[in-house]
Each structure stands twice: as C-alpha cells, then as structure tokens.
Amino acid sequence: MSPGRTEAFSDGVFSIAATLLVLDLKVPAANGNLASALAQLWPAYASYAVSFVTIGIIWMNHHAIFAHLRRVDRPLQALNLLLLLIVAVIPFPTSILATYLESGHDQAAAGAVYGLVMTAMGVSFGSLWMYVLRHDGLRTTIIPAARKRALLLRFAIGSPMYAAGIGLAFVSAKLSLLIYAALAVYYLLQPLPAEIGDPRGHLDDAGST
Amino acid sequence: MSPGRTEAFSDGVFSIAATLLVLDLKVPAANGNLASALAQLWPAYASYAVSFVTIGIIWMNHHAIFAHLRRVDRPLQALNLLLLLIVAVIPFPTSILATYLESGHDQAAAGAVYGLVMTAMGVSFGSLWMYVLRHDGLRTTIIPAARKRALLLRFAIGSPMYAAGIGLAFVSAKLSLLIYAALAVYYLLQPLPAEIGDPRGHLDDAGST
Amino acid sequence: MSPGRTEAFSDGVFSIAATLLVLDLKVPAANGNLASALAQLWPAYASYAVSFVTIGIIWMNHHAIFAHLRRVDRPLQALNLLLLLIVAVIPFPTSILATYLESGHDQAAAGAVYGLVMTAMGVSFGSLWMYVLRHDGLRTTIIPAARKRALLLRFAIGSPMYAAGIGLAFVSAKLSLLIYAALAVYYLLQPLPAEIGDPRGHLDDAGST
Amino acid sequence: MSPGRTEAFSDGVFSIAATLLVLDLKVPAANGNLASALAQLWPAYASYAVSFVTIGIIWMNHHAIFAHLRRVDRPLQALNLLLLLIVAVIPFPTSILATYLESGHDQAAAGAVYGLVMTAMGVSFGSLWMYVLRHDGLRTTIIPAARKRALLLRFAIGSPMYAAGIGLAFVSAKLSLLIYAALAVYYLLQPLPAEIGDPRGHLDDAGST
C-alpha cells in the first residue's frame, strides 16, 4: 500500500479530533454575568489548548515519519489505526478534566485519566516510530545505526515524562495539566522531527557513514 | 470520473464517522466517584473500539479496491454512496448498544440493531467489491477467473458471519459484540486485501495464466 | 487560483455535513421497548437518507463541474462559498423535519423549511453551474452553444421542481419529503453530469461543431 | 517540510470548524408555532453566516499564502497551529453571541467576546502572513520591497478594524456583528489575495524592479 491514502485518513482523524474539542466549551446560561461565567471556564480553555496543540504536534511528527515511507505494511497499518483510535478519544478525557477542574470534585482522578490517555498516545506513537525505524524496507531513507539509537533513546525518554503526569495528578491535577502543556511546548520547539522529515539529509548522512 | 475525488469524499466520511464515535462517550456528572463511574462505562469503550476499528478496516479495504480502479462509473458511484450512508450511520447503533448495555435494559434488541447495521455495511461493501470484480473495464488490473471466484467466495463467507451476530444478540448482546470484535481483528490480520491492493501482482498473475 | 484546494475544502464541507446528519438520530431512553421506539423514528431515518443522498449527489455534480475547471476566480469562489454555506446548514432543516414529523406537530411548516433550504441549495448550485458555463476562460473544455442551452434548460427545469416541494409541504410534509427522495434518485440515475465530467468528450463535440 | 500536508490538515480544520457551526442552530421544541420560533432565531442565522463566511475567507487567504510556499519551517508550523487553534474555537463565541442576542441578556459582553476571538484570528493570520513575507527562503516567489510594505500596511489596517468591533459591542452587539459581516464582504470582494496567489505575477514584478 502507498502511504498517501493512509495519510489522508490520518489527517482526517487528527483534524476532526482537534476541532471536536470545541464542543466541550459550553455556553453559559444566559441569566448571569457572562464575563465572570466565562472566567470560571478557564480549565476548559486550558485543557482545550493543551489537547489541541498536543494533537497538532503528534500530527506534525506523524507527518515527519510518513515523509520517510515508501510503503505501508499491515502491522504499520494496525499500529497507525491504534494511534488514531487513541487520538480520536482525546476529546473525552479533555472534557472530563475540564468538567472536574471546574467543579473542584475528584480532580486527581480526572487528571490521572487525562494523563493515562496522553501516555497511551505517547506510547502508541512511539511504537509506530520504533516500527518504522526498525524496518528499513518501509522507508525511502537510510538511517545510520548511531542515529537510530539516538532516536529510540529520545522515545524512551519522552514516554516516562508523559507517565509522570499521571502520578503528578494525585498531587495536583492543575500541575499535571501544566506538565502536558510544557511537554507540548517542548516538542513544538525541539528540532528533531524536522531532521527526520528531510529524507535527503538522512541519505547524505548515510553516505558519509 | 476519476477515482481520486471519490476517494477524497469517502476518506472524509470514513474519518468523520470514526471520530464522531467519541461523542457517545459521556462525561459522568461531577458528583460521584469518577473512577467507578468510568468503570461502569465499559460498554461504551468496547463498542467505541469495535466500531472504530471496523470503520478503519472497511476504509483500508475500500482503499485496496480503489487502488485498482482507473475510473468510477455511475452505478459504482451509487454503490459507494450507499456504503458511505451506512458507514456514517454507525455512531447511532454504537450509541444504542452502549446505552442499553450500560442500563441492562432490552440488550438483545440493542445488539440486534448493532448487528443489523454491521451486516448492512458488510453486504454493501461486498456489493461494491463484487461490482468492481465483475467490471474489468473499471480496473487497471486483470484478475484471472479462478482468483475472482476465490475473492467472491470470501465475500460470500464474510457476510453470513456478520449476520450470525444478529441472531447471537438474542442469546447475549455482549457475546455478539465480541463476535464483531473478533471479525475486526480477523480482517485486520488476514492478508487478502493487501494482495488485491497490489496491481502489479495481479498483472503478473494474469500474465502467467 | 487552482481548483485543487477549493475542491479539498469543498470535499471537507460536503463530507462533514453529510456525516453530521447522524447526530440527529437520537438514542431512545433505555426504559421502554427499543424496537417500537426505533420504529417510531422512521421520519428521522427517511430525512437522514434523503439529505445524505442529496448532499452526495450535489457533491458528485460539484466534482463533475470542477473536473472542467482550469482556474477559479473570485466570483466563482464566492458562489462556491455560498453553496457550501447552504450545504453545511442542511443538518438543521433535516433535524427540524424529523422532529416535527415524529411529533405530528406543525408538519407543514417543517416540510416547507426543509424545502426552502433544498431549493436554496438547488438555486445556488445552478448559479455556480451557470457561471461556469458562461465563462469559457475558466474551463479546460469547449462547450458548443447548443449544448450550453440544453444544460441551462436542465437547470431551469430542476429548480422549479425543488420549489414545488415547498408548496406540496402544505398538502403533506411526508409527500414533500417523497418528492425530494424522488429527485435524489432521479439525479443519481440520470447521466448528464457524467457527460459534463468528461472533458475530452466535450472537446470532441466542439471539434465536430 | 513540504507545504502539502500542512495544507491538508489546515483544510480539515477550516472545513470542520465551518461545518460544526450548524450544531449551534437548535431545533425549536415541537409545541409552538415553528415559523415564529424560527424567526426568533435570526441572531443564530446571522452569526452562523458571518462566522462561516469569515472562516471561508481566512481559508481562501490561507490558500493564497500557501500557494507561494516551497517549504514550511518550525516557526511557521507553530504560527499555523496557533491560527488553527483560534479558527477551531470560533463555533464557541458564535454560539455565545447567538444565545445572548436571542435572550437579550448581557449582549455587550457576548459581542465583545465574539470580537475578541475574531481579532485574535485576524492578528494570528496577520502574523503568519508577515512571517511569510519576511522569510524569502520559504517562498517560491520574489516580492519586491515596495509591494511587501504595501502588503504589511494592509495587514496593519485590517487588524484595528477587527479590534474596533470589540469596542462597538458595548454600543450595540448587533452593530458589532454587522461590522464583521461588512469586513467579510469586503475581504471577499477585494482582489489583493488573488494577486499574492499568482506566483508568476510576482516573479514578473520582481523581474521588472
């Protein structure tokens, strides 16, 4: 199978999951002070923004991986479907976190649920990445062994940080959300996926190895 | 008509129907124990996962079929529209099944409704496939008669299994859902559509016939 | 502007509007007989199917028109945006029609509203078509004057039939829905847009004029 | 990174955000006069139309900018993600504005919130544009310095008009909505983005400078 249509379906799920997040923003009843009612919704805005940007980043990195592919096999198709299943579910824990932070009730559990789904997404994305790194025949690019180890290490570091957010939720769900915000900003700024996204760069590397 | 834009519209419907499934996951009211409330929602997660993966598989197989096409005629367009109409409706029986399994009320009927829509989707997909197999002029590939018979037989076997799930719902709706989960895993792992998805393979076959 | 991305955005709106129709199918409360509750929802299924197929047909014809285009100018962009605005609103009158047919209350008004939006869509689509027919520089194809007249006449006949459905709603909203179903089936089966969709056919025609 | 997939994801968000607006149109309860109930919903239709057309215009201009790009770097990716985050949130203030205009309660605040999001979108889009203008290496086109200044000035004029709508909301939220409608019509009719959208035109300009 060619990667093109897998990307089209994936782009669809990423963009719809991101855009459906807005449905969690509930219009306050038209009988009180709108400004103060909207101010109390800050957890909804914060979780909307963190989830939206996280989905956007996963999509960018997904894009960077698929730019390397020349074909998609069945296991990769299944791993991708699993990742999309988790990405598509993100509006649910986002809504849970916003609702429970607003009410102040059972915040730790809500933060842990959000963290669990974020971690599942991270692990699922990492598995996809690892699979692509390990199957040279799927890629258009040659990646030298040293770089592969560096890329795998990077994955090995990222997932525990996502998982740490789950534990942190039992201290403070707000702090946990802040961790996911920080991870989103970090992954937005760090340049690694961009390097992976340039097939010629890797081919040059390989040539000089 | 070229297949390209039919695929674009189809990809849209597949990915949106799959992603809308998340709207059936309802946030528990913020006044009880979140963990136990979420645990009771297991039918919603199970039906979400089965429906999502089933839509994903139908989409992959749809992709495999369209990779063979060089043009789309009116009857194929109509068959495709019928398939999309059924795919787009899947969030509705999924939500019915989840709601009735959670409440424990009228589960057999809910399972049967879910099975009916799944079967309709299977038959609709099979009809599309059969139409493409029978009209050589629509394809870029030549498929030998023996392989066509094998492919048609495969379709003839799949649909009764989908239909059997309807009857099984009257024994146990949970068992019926398990059948659809098993069918999803089976179709995810079995290699047939990948063969159909490789035009050159079929052309080679044809040449050696 | 090239037609490619206008098509991408249009495909998005068509497929999302069609798929959002499922949100109008409401799960019956889990406290009665599910089968009979679902049977009473027939107006929702009927209006879902008519709206879905109508959107599908408009999309196919939209596709057929865009297959002729080599560029998109500002007025065409604006006409297309107007068409998309109306297509995207279709889930609203569909939901109105289903709700009022189910309740039996104020059915004539509900049917008329549905008919109004359908007519607006028909007129908007017709205007787009007319604009494309009249501006030869936008197309890759040459259409002889006689064929243009025939195509314009076809448009002139279609819109009054859509409009007739509005009046018919005051006799019977169900009959009115049946008219739109019949129009959908008619446009699905009639071969005209397929001819327009083949640029070479038109060029040959033009050459023989 | 190539601009292609960034456009695909962006097209997805634009078209979904525009189409989700329809969910704000609520079916009146089937127990009163439908025609008069629908007539009272005019603020919902007006804000639907203004938001839909505004998203459509931002998308057209986004298209025009991306037609110039030969690659997308990280900062541009981040600016684009920020723009999409704001575009995807538009159904929320649109729903607020419609709800509060219908109820007549706290209209100034609702209009100001709508204006704030519109202004944020305008500033975010302007920043994207400015970034593209200032980084010649990202574009396929050469834009002479004088034209760059004119294009930047245009941006500098547009944003204050969006911002003026916020202040105007405290006079009249309806008047404020009218301003955004007027801005939408203005940007729909004015030809500038079309010029930017033609790379050859700019190259010719550059050649004659």
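Order as written gives the chain letters A, B, C and D; numbering starts at 1 within each chain.
Just so it is clear, a contact is a pair of C-beta atoms (placed from the backbone, for glycine too) under 8 Å apart; a residue touches a chain by one contact, two chains touch by 3 or more.
Note that the structure is a prediction, hence the values are computed from the model and not measured.
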* Chains touching both chain B and chain C -> none
* **Any chain in contact with chain C as well as chain D** => none
* To do: Pick same or different for copies chain A and chain B, depending on whether their interface residues overlap by over half.
  => different
* **Distance between the centres, which are taken as Cα means, of chain C and chain A, whole angstrom** => 37
* Asked: What is the distance, in whole Å, between the centres of chain A and chain D, each centre taken as the mean of its C-alpha atoms?
  -> 26
* Would you mind listing the residues of chain A that make contact with two or more other chains? => 8, 11-12, 16, 20, 23
* Pairs of chains in contact (touch as defined earlier), listed by label -> A-B, A-D, B-C, C-D
* To do: Going by the contact rule at the top, pick out the chain B residues touching chain A in the complex.
  => 7-8, 11-12, 14-16, 18-23, 25, 27-28, 30-31, 33-35, 38, 48-49, 52-53, 56, 59-60, 63-64, 66-67, 188-189, 191, 194, 197
* Structure fact -> In their shared complex, chain A is touched by residues of chain D numbered 1-2, 5-6, 8-9, 11-13, 16-17, 20, 23, 73-74, 77-78, 81, 84-85, 88-92, 95-96, 99-100, 102-103, 105-106, 109-110, 113
